[in-house]
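Read through the structures below before going on.
You will see chain A twice below: alongside chain B first, and alongside chain C after that.
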Partner chain A sequence: MNAVDGSSHVPQAGFASELEEELPSLLVLILDTSPLGWGAQSPAISLHEAVASLLIFINSHLALNHSNEVAVIASHTNCVKYLYPVPGEDYSKLVPKSTATSGTESSEEMITNVQSNGDNGTLNDASMYRQFRVVNESVMKQLELLLLGTSASDIEHNGKISDATLISGALSTSLAYINRLVGGVNDNGPKVRARIMVVSVCSDLASQYVPIMNCIFAAQKMKVPIDICKIGNDTVFLQQAADTTGGVYMHLEHPRGMIQYLMTAFLPDRALRKHLIIPTQSSIDFRAACFCHNRIVDIGYVCNICLSIYCQPPADGSCAICDTIFDPKELAELLKKPVVVTTTVPKNKTKKKKKKDSDATPTFAPAL
Partner chain B sequence: MQAPFSVPALYSGKKGTIRVSSGRNIVEWSPSIAPIDSHGGNGNGQVNGTVVIRLDDIAGLQASPATHAKARLRITTTSHTQFTFEVPTRANLEALKAVLASANAASSSSSAAQSPSASLTPAPTTPGAASKSDPTRKIVIPTKGLSDADLLADRTLQISFLKSNGDLQKQFLDVVVGQQLPPDEFWRTRIPLLRMHSLVLAQRRGPYNVLATVKPVSTTQSEATGGGAGTAQVKVSLSSDKIRDIFLQYPVVRRAYDENVPPLVETAFWSRFFLSKLCRKLRGEKIGLNDTPDNVMDKYLDLDEDGMTAEQRELENENAKIMRFVDVEANEMDDSQRAGNRPDITMRQTTHKDTLSIIRTMNKLSQKIVASVEGEAQQPLEEQEQLKQRELALEDLEPVTEISHVELHLHRSTDFLYSSSAGKDVDAAATDVNGSRASKVLETMTDSLSNSSGSIHELLSSAVPSSSTISHAQSQVFKLINSRRRTEENRHNGGDSDTPPSDAVTLRDMKLSHTTAIEFLHHFWSALLSGEPSRAVSALPLLVTSVEKSKTRLEAVLDRHVSSNASQDPATLAQEKKRVQGYVQITLDALQSAAKTYHDLVKEQQAALTAAQSENTTPAGTPR
Partner chain C sequence: MRSTTRSNGARPVSNLELRSTAGGYIWEDSIQRSWDVVQEDAGGSLAGVVAELVQAGKRKRLHYDTTPLQRGIIRHLILVLDLSMSMSEKDLRPTRYQLSISYAVQFVADYFEQNPISQLGIIGMRDGLANLVSQLGGNPTEHISALQALRKQEPSGDPSLQNALEMARGGLYHVPSHGTKEVVIIFGSLLSCDPGDIHKTVGTLKAEHVRVRIVGLAAEVAICKEICRRTNEGDSTSTYGVILNEQHFKELLLASCTPPASTKQKSSASLGSDLMRMGFPSRIVETSPSFCACHSRLIKGGYICPRCKVKVCSLPTECPACGLTLILSTHLARSYHHLMPLRNWDEVDWNDAKKASSCFACQLPFLTALSSAPRLRVSVSGSTTNATAVSAIATGGASGRFRCPSCKQMFCIDCDLFAHEILHNCPGCEAAAGGRKLSNGQAATEVSTATTSAYA
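Then we have the complex of A and B:
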C-alpha cells in the first residue's frame, strides 16, 4: 500500500491547511441515468448494481465525518432531477418524536425507527444508521419514480432512441447547489469542501461541448474537483473536466468491480488527495468539438476574434458567432488543395477532400 | 538624406577633401596628408586638423565670381568666422554650393533649437579619433533584407545564426547535411528566427559614461603622508576609442587638450588630467582640499562640461525657448512663496556648490547619451509635446474607465445544424423497431430496480462482486498509481534515475531520430498543403523519401535496442520491443500517415489526370 503515499513529493502541510482538513466535505454525485446508456452496458453491469455500489460509497463518505454531506443528482435523457435531497422534503420528520428533543444519535433512536417507519416500504431496516437510511431510501425511491415517469416517447427523439444525457445541465445544477452551500463564506472561511463526481455511461456529448466547457471552467474557478467514473466508452470532454479541475478520471475496465474502484480511487476527499498519488489517467484527450456541426475535431479552424472552433472554414466567409468577416484571400489560401502531381497541362484541377494541417495563418488559425 | 558629397579642396593652401554629410549635419574638411603637430602653435586649432562646420551654423555662402581665375567658396558662420576653400574646377564649386545650400536649408529647419555656441569644433588630432568617422552612432534598423525571400537568400546570416545556436546547428548538420534536406526548406520554417537574428545583429552597444569606466591606478609615493605636492604617478590605459568618447562627451576636455597639447606631451596631458580637480569634477566626485592644484587644468574648472562659462550658459538659456507649461514663472500655482524653496534641494542656500555641480553634470551627461542614441530618429515636435503632456498629466485624478466586455452571440442555432448534418438520421422503417426497443429498455431498467424489493441490506450486498473481479479492479487502480508515481519520481529526481545504460543509448538515438522525423514531417506538410505545383515537383518527392527513411531509422533504433538485450527468450524480447516501441508509436504513426496520404494523393491525382487526358484525346483522336 506504500505506493499511494505521495507525501514525500509535497511540501509539509502548514497549519492553515491542517485546519482546512478538518472541514466537512460535500459530495455531489451525478448519476447518468440514460436508459440506452445503461442498456448498452447490460451484461457487464446494470443500473441496479451500480446504484447499490454507489449507495455503499455514499454511506462510506458520510461515515468519514459526522458533518459530511451528500447530494445525488440524476442526469436523465430529458431532465435533471435531485434524487437526494429532494426539494420540499423534510428529512428531520423521519426522526421519531421521542428522540427529536435530544438531537443526537443514539441506539434508542434506531430502535424507535422501526415503529415510526413501519409503513415506509420494504427498504426499511432498523439496524441502519439514520443518515445512511435517509439517503438510501430517498435515492431508491426517487430513481424509481424517475424511471417509471419516463415514457418511451421521452427517450425517443426523431424516431430513434436518444442516448443523450443532460450532463451539462446536471453539472450546472450541482455547481449551483455547491455555490449555495459553500457560497456563504463567513469569517472562518468556507464551511464545507465540495467535490463533484460523475458516473457516466454515455459516450457522445459533442452537442453539449460549450455548456460543459463552461461548467468545467466554473468548477475550476470554484476549486471544485470533478471526478469521473466512466463506464463504457471514453468520453472526450469528461477527461478534460477531470484534468482541468484536478479530479480523478477512471475508466472502469471491470465494471462489475465498481465498488472497489469507488473505495480506492474516489473516496479520499480534496484535502487528503494532496498527500496521495491519485490514480488518474495521464493521457488526456484534449480535442474540442466544432461549433458548426458539433463534430469532435483533431484539427480545426479558430476564429481569430472570438475563438470559435470550426471543422471547416465557414462557407459564407464570416464567423457564425461574432460575424467577423474573414479575409477572402486567406480563406482561399486555407482551402487550397494539395498538388502532388503536375503535368504539362496547366489546368490541373484536382478536387480532393483533404484535412488541413496546422499551417497557421493570421486571419484564421487552426486549433490544436 | 543624400549620400555624402565630397570634392577635393584646398584650405589655407593645403590639399584636402571637403565633405558634406547631410546625415550628420556637418561640413568637414580634412587634409589629405596627416597633419603635423609642430605646424600649429596658434592654438585655435583650425589649421591643424580637420575643419568641421555645422550646417546649421552656416550664415552665408559666397562663391568667387565666374570670371575669377580661382574657384573659391567662402563659408561664413553665425559666429562670423570665415572659411575659404579653393576647389579645382568651377563645376565642382557650383555643385558644392548647391549641395550646401540645400543641406543647410534642410538642417536649419529640422534643428533650429540647436545651440549656436558649439559651432566651430576643431577635431582632435589624435589619429584614432580622427580616423573613426561617425561619432553620433545612429541606430541603423535594417529595413531591407527582412523580407522572407531576402532572409532565405542570406547565407551569411544563416551561418552566423547557426553558429550562435548549438542545438540548431546540430539539427542542421543532421537534417540538411546528413539527410539532404534542401537548406531553403530547412529555413522556410524558421523565417521568424532568422528575422530575429538579423535584428539582433543590427543592434549595437550604445554610448556610456566613459570617464566612469576609465580607472586610473595611482601609485603615489608621498600622498599617504598627506603632504600635498608629491610626485604622483598614474597608470591609465586609454584606447583611442575612449579618448574619442571623452572628447565627445566632455567638450571641455577637448578644449583643454586643444589648447594645451602642443606645449604638453600627450601622455603628460592625460596623466595630469586624471589627477586634476577637473577630472574629479567631471566624474562627479567631490573636490577635496587636499587635491593637488594644477595650474593648467584648474583654468577649466569654472567652465561647465560643454566648455562654457556661467555667463555663456545663461545667455544660452535665455535664448532657448522654455515650454510654456514647464515654465515655472508662467505658472501661478507653482508659487515658491507658498512652500519656499526648501523642498527643492537644489534651491537651498546651504547646499554645497559641489553637490549641485555633480547633480548637474550627471543630468547633462545622461541627457546627452540618450539624445545621441535617439540620434536622427527624432520624433516630430508634436509628438514630443504630447509625450510631455502625458508625463505631466495627473492620471490618478482621472475617473476610472470601466472595462467593457464584448458580448458574443450565437446567432445561428447549432441544434439545427447538428440534427440536419450529424448523419444520424434513421430511416422510417427503423422507427417502429426503435420505438419498441425504447419501451423495452425502459422496462428492463424499471424491472431490475423493482425486483430488488428485498431489504436494502440485500441490495447493498449485491454490489459486492467476486474476489477475482475485485483484484482485477484493484490492479487497474494500482497500475495507474504506480505509473503516476514513476513520473512523479522522475520529475523530482531529474529524470532517468533507473534507466539502464542500454536504455540510455537507445533513448539518445531515439531522441535524435525523433527530432529529425518531426523536422521532416513539418516540411512535408507545409510543402504538401502549400498547394504550389512548383514545390510539388521539386521538394515533395524528396521529402516523402526522407519521411519514409525517418520511419526506417526509428525502427532500426528499436531493433538495435532489442538485439542488444541480453535475454535470448523470444517472449521477453517481444515484450521489450513492445515496451520501447510504445515511446515512439505516435511518431511512427504520424510518419506512416504522412506517407500514406501522399501516396493516396498521387494515385488519385494520376488517375484523375489520365482520365482527363483520355477524355481530351479520345474526341480529338477519333474525328467524326
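Then we have the complex of A and C:
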C-alpha cells in the first residue's frame, strides 16, 4: 500500500534501521606487541608511529557512525590484555580538565600527559571529541603499563628469545567478546556487525596451528571477517584466516605509509566492501606441510585416525603421532610402482634399423 | 520380589526403575504440569522467570563428553526418511513430514560443515518400497535441492524398514575399510511392512559393520530397538531415541553430526587404520575462463590436481580424471576438535568467587552478592534436572563462574557455552604462555602431542 510506483529503492518506514549499511559496526583491533618483532622493523616503522596511525584509524571508524564501537586487545608474548575497554573502569564518569590545549597533540605529548596525571579519572582536553579522547587515552595508558611491566624473561620461548605472540589467545578472547556483544549465532538478524582486524609483526608459531584453525572456523560460523595487516614477513596461518573468513590480507611493502593502507583497505566495513574492490592477496598457499620432515607436500598420505599428513608412508608401518599400526597389505598397495621392462637390442640391428629408418621416415611436405 | 519384563532378548526392566521419588509407581503420581514453573513476580512481569529458565537451560547443556576417543572421521552416512502415511500427522507443526524435511536440510548443512571429507546419501520409504532420493555424494547443494523437491510430494503407504536397510547396505557396499558406514533413520510409524525376514538383514548389516541410529517420532518400537542394539554392539540407549518435542527432535537428529566413536573390531585386518593418499592442490588465478573437469563449466581460476593436472572448481572432491581425493588442509583441520575435545570447566563455589570480578574472556562483570539472584518458587513435581538447577540458583550454590582446570581462569556461562560449542578453545589456556614451549624451528610432530596434552 505504501509503494506508490512499485520502485524499491525507497526504504519503507521503520525499515531503514534493518538495512545492513545502517547497522552499527564493532571493530575489534588486535595489536601484536612483541618487543622483538617491532624492534626488527625499527628503521621502517616504530611501535609509536604505528600506534599513532592506528589511533587515527580507530577515530575514523568511530566517526563513520555514531553507534560504532571499538575494542583493542594487545597480544603480548606471555599474556593477552584488553587495552580498551578495561574491565572495572566506568567510562561515563570521566571528567574533562579545564586546560586549554589544542586537540591535535602528538603521541609523545599524550603519553607524558597521561603519566603526569596519575589517575584515570580525568580527560586532558575538553575540546577533543569525547569518544576519541577516551579511547586514545585508554589505549596509550594501558599499552605503556604493559610494556613497562615486561621483563626480559617474558619474551623468551623455550629459553630462546623469540618474537612469537599469543595470536590464538587474542583471537579466542576477541571472539568471546564479540559473542557477548552480538548475542551469539542466531538467524533473526544481529543488532551489531562485528569484524576483527589484526596488526601483526611476528612469524608463525607451529604450536598455535590447531587453536588458530579453531578460531577461524568459529569466526566463519559467526560471519566475522578477519582482516590482517602484516608488517614484516608473510605468515601462512593468517593468510588462511583472511581467506576463509572473507577478510582482507595486506602485506605492507612500505610501512611508513601505514595510515594510507589502513584508510583505504581496512576502513570500509563489510557492507561497503560489496560495492568496492578492495586490494587483497589472492594467491594463497594452501598446501600442507608433512609432519615428518616439514616439507610442503602436493600428494600426501593421511592417517585416518589422527589426520596427520606424511610425505611418504612411514618406514616402520605405524603412525608417529597416534601409534596406530597400518595394514601392511594396504601399505604395500600404496608403495607399488609401475614395473619398467627394458629390452636390449643388439648393435647391428640398430644400425640397420637406423638406415631403414632414414629411408622409411616419412617427411612432411606441405602442399604448396 | 523382583518382577521382570522381557522383550526379544532386551535387558529386563527392574521394579526400581519404574518407581517414582514419591514411593508409588511413576504413573500413579499426580500429573506434572510443566507450566507451573512459570510464576509472575510481585510486579506482574515474567522477565526474571524467563531469564532464570534460560539460565537453567544453559546449565543443562554444559555437560559434554570430553574423553578423547578415536573417531571415524571419513564418514559415509545414509539418511533414511519415513515418507509413509503416519508422517501426515499434525502433532509437529505444520506436519511431521514438512518438519522432518526442514530438519533434514539443516542436518545436511551441519553434517558437511562438521565433516567436510565425508559423503551422504538419502533414501525414502514410501508405499512399502525404498526410493533413492539422492545418491551417495559429497556435495551438499545436490542433497538440499533433492530434499526441497521432496516437499511437494505427499506421504503415503506403509514404511518398509527391510527394503530401506537393504538399499542402504547396497549403497555402502563399496566403501573402503577406513571409512565408517552409518545409517540414520527418521521413523514416524509404529509398524514395518517387510517382504522377508528383517532379522537376517540385521545380521548382514552387523557382519558388514554398518551402524544404524534411529530417531523415533511416535513411540518406542521393538524392532527399531533391536536393530540399534544389534548393530551398535548392544548399546541402544544412545542410538535409538524417541522425541519429546521439536527441540528434542532437532537435538537427536543433529547429534548424528558428530563422528561416532570407533568400536573394537575383532580382526586386526579390518582395524580401519589406514593411510589414505590425498592430494593438496594449489589454487590458480586465470585471466581468461577455462572449463573445469567436473562440471564442464567455464570458470576463471580453480584448483589443479597435483597428479594429472586437470582443473576442478571446488574442493573437497575426487579428481574426475585420476580419482585422487583432493582436499585442503583446512578440511582436515575441521575435525581436529573432535579428536582433541576441550575439557569441561568446573563451577566455582562462592568461597572462591572473589578471586575474579569479571569474566576473563568477555569482561562481563560477575554478580557479587547472593541477593541479586531472584528467588523462585520451586514446584515439587517439576522434572528433576529443572528442579535442581532452579533450586541451585535460588539458594546461591553456584556463583555463575566457571573455571578451566588447566589455566585456572574464570569465565561466565555464555563464554563457557561459546567455548565448548563453537570455539573449542579455552581463551585462558591460549592466552597463557606456559603450555606453549615450542619455538618456531621445531618440527610439527610435536604439535599434536603438545596440544593433546594440554587438552586431555
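Definition applied: the second predicted complex is superposed on the first by the 237 of 368 C-alpha atoms of A that agree within 3 Å, B and C clash if a C-alpha of one lies under 4 Å from a C-alpha of the other, contacts with A are read in each partner's own complex, and residues count from 1 in each chain.
Here is the rule we go by: a residue touches a chain if its C-beta (ideal position, glycine included) is under 8 Å from a C-beta of that chain, and two chains touch if they have at least 3 such contacts.
Source: prediction; values computed, not measured.
*Asks:* Using the superposition on chain A described above, determine whether A:L267 touches chain B (first), chain C (second), both, or neither.
*Replies:* Touch partners of A:L267: none, neither chain B nor chain C.
*Asks:* Applying the touch criterion given at the start, work out whether A:F291 contacts chain B, chain C, both or neither, answering first, second, both or neither.
*Replies:* Both partners.
*Asks:* Would you check which partner chain A:T244 touches, where first means chain B only, second means chain C only, and both and neither mean what they say?
*Replies:* Only chain C is touched by A:T244; chain B is not.
*Asks:* Have a look at where A:K336 lands relative to chain B and chain C in the superposition and call it first, second, both or neither.
*Replies:* first
*Asks:* Could you say whether A:N136 touches chain B, chain C, both of them, or neither, answering first, second, both or neither?
*Replies:* Touch partner of A:N136: chain B, not chain C.
*Asks:* With the two complexes superposed on chain A, say which partner A:A176 touches: chain B (first), chain C (second), both, or neither.
*Replies:* Only chain C; A:A176 stays clear of chain B.
*Asks:* Regarding the shared-chain residue A:I278, is it in contact with chain B (first), chain C (second), both, or neither?
*Replies:* Touch partner of A:I278: chain B, not chain C.
*Asks:* Which holds for A:A320: it touches chain B only (first), chain C only (second), both, or neither?
*Replies:* After superposition on chain A, A:A320 lies in contact with both partners, chain B and chain C.
*Asks:* Is A:A44 contacted by the first partner chain B, the second partner chain C, both or neither?
*Replies:* Neither partner.
*Asks:* Overlap of the chain B and chain C footprints on chain A, residue-wise?
*Replies:* Touching chain B in the first complex and chain C in the second, residues 158, 160, 207, 282, 291-294, 306, 320-322 of chain A appear in both lists.
*Asks:* Of all residues in chain B, which touch chain A in the complex?
*Replies:* Going through chain B, the ones touching chain A are 408-412, 414-415, 417-419, 421-422, 424-426, 428, 430-431, 434-435, 437-439, 441-442, 444-446, 448-457, 459-460, 462-466, 469-470, 472-474, 476-478, 480-485, 487-489, 492, 525-526, 528-533, 536-537, 540, 598, 601-602, 604-606, 608-609, 612-613.
*Asks:* So in the complex, which bits of chain C are touching chain A?
*Replies:* 70, 72-74, 113, 177-179, 269, 271-283, 285, 306-307, 324, 328-330, 332-337, 339-340, 357-358, 360-365, 411-412, 414-415, 418-419, 422-427, 430-433, 436-440, 442-451
*Asks:* If we count contacts the way the header does, which residues on chain A are in touch with chain B in the complex?
*Replies:* Answer in residue numbers: 3-4, 6, 9, 35-36, 38-39, 42, 46-49, 51-53, 55-56, 122-125, 128, 133, 136-137, 140, 143-144, 147-148, 150-152, 155-156, 158-161, 207, 250, 252-254, 256-261, 264-265, 277-282, 291-294, 306, 320-323, 336-343, 345, 348, 350-352, 354, 356-357, 359.
*Asks:* Residues of chain A touching chain C in their complex?
*Replies:* Those in contact with chain C are residues 77-80, 82, 85, 87-88, 154, 157-158, 160, 162, 164, 166, 168-173, 175-177, 179-180, 184-185, 203-211, 213-218, 221-222, 240, 244, 282-289, 291-294, 297-310, 313, 319-322, 324-327, 329-331, 334.
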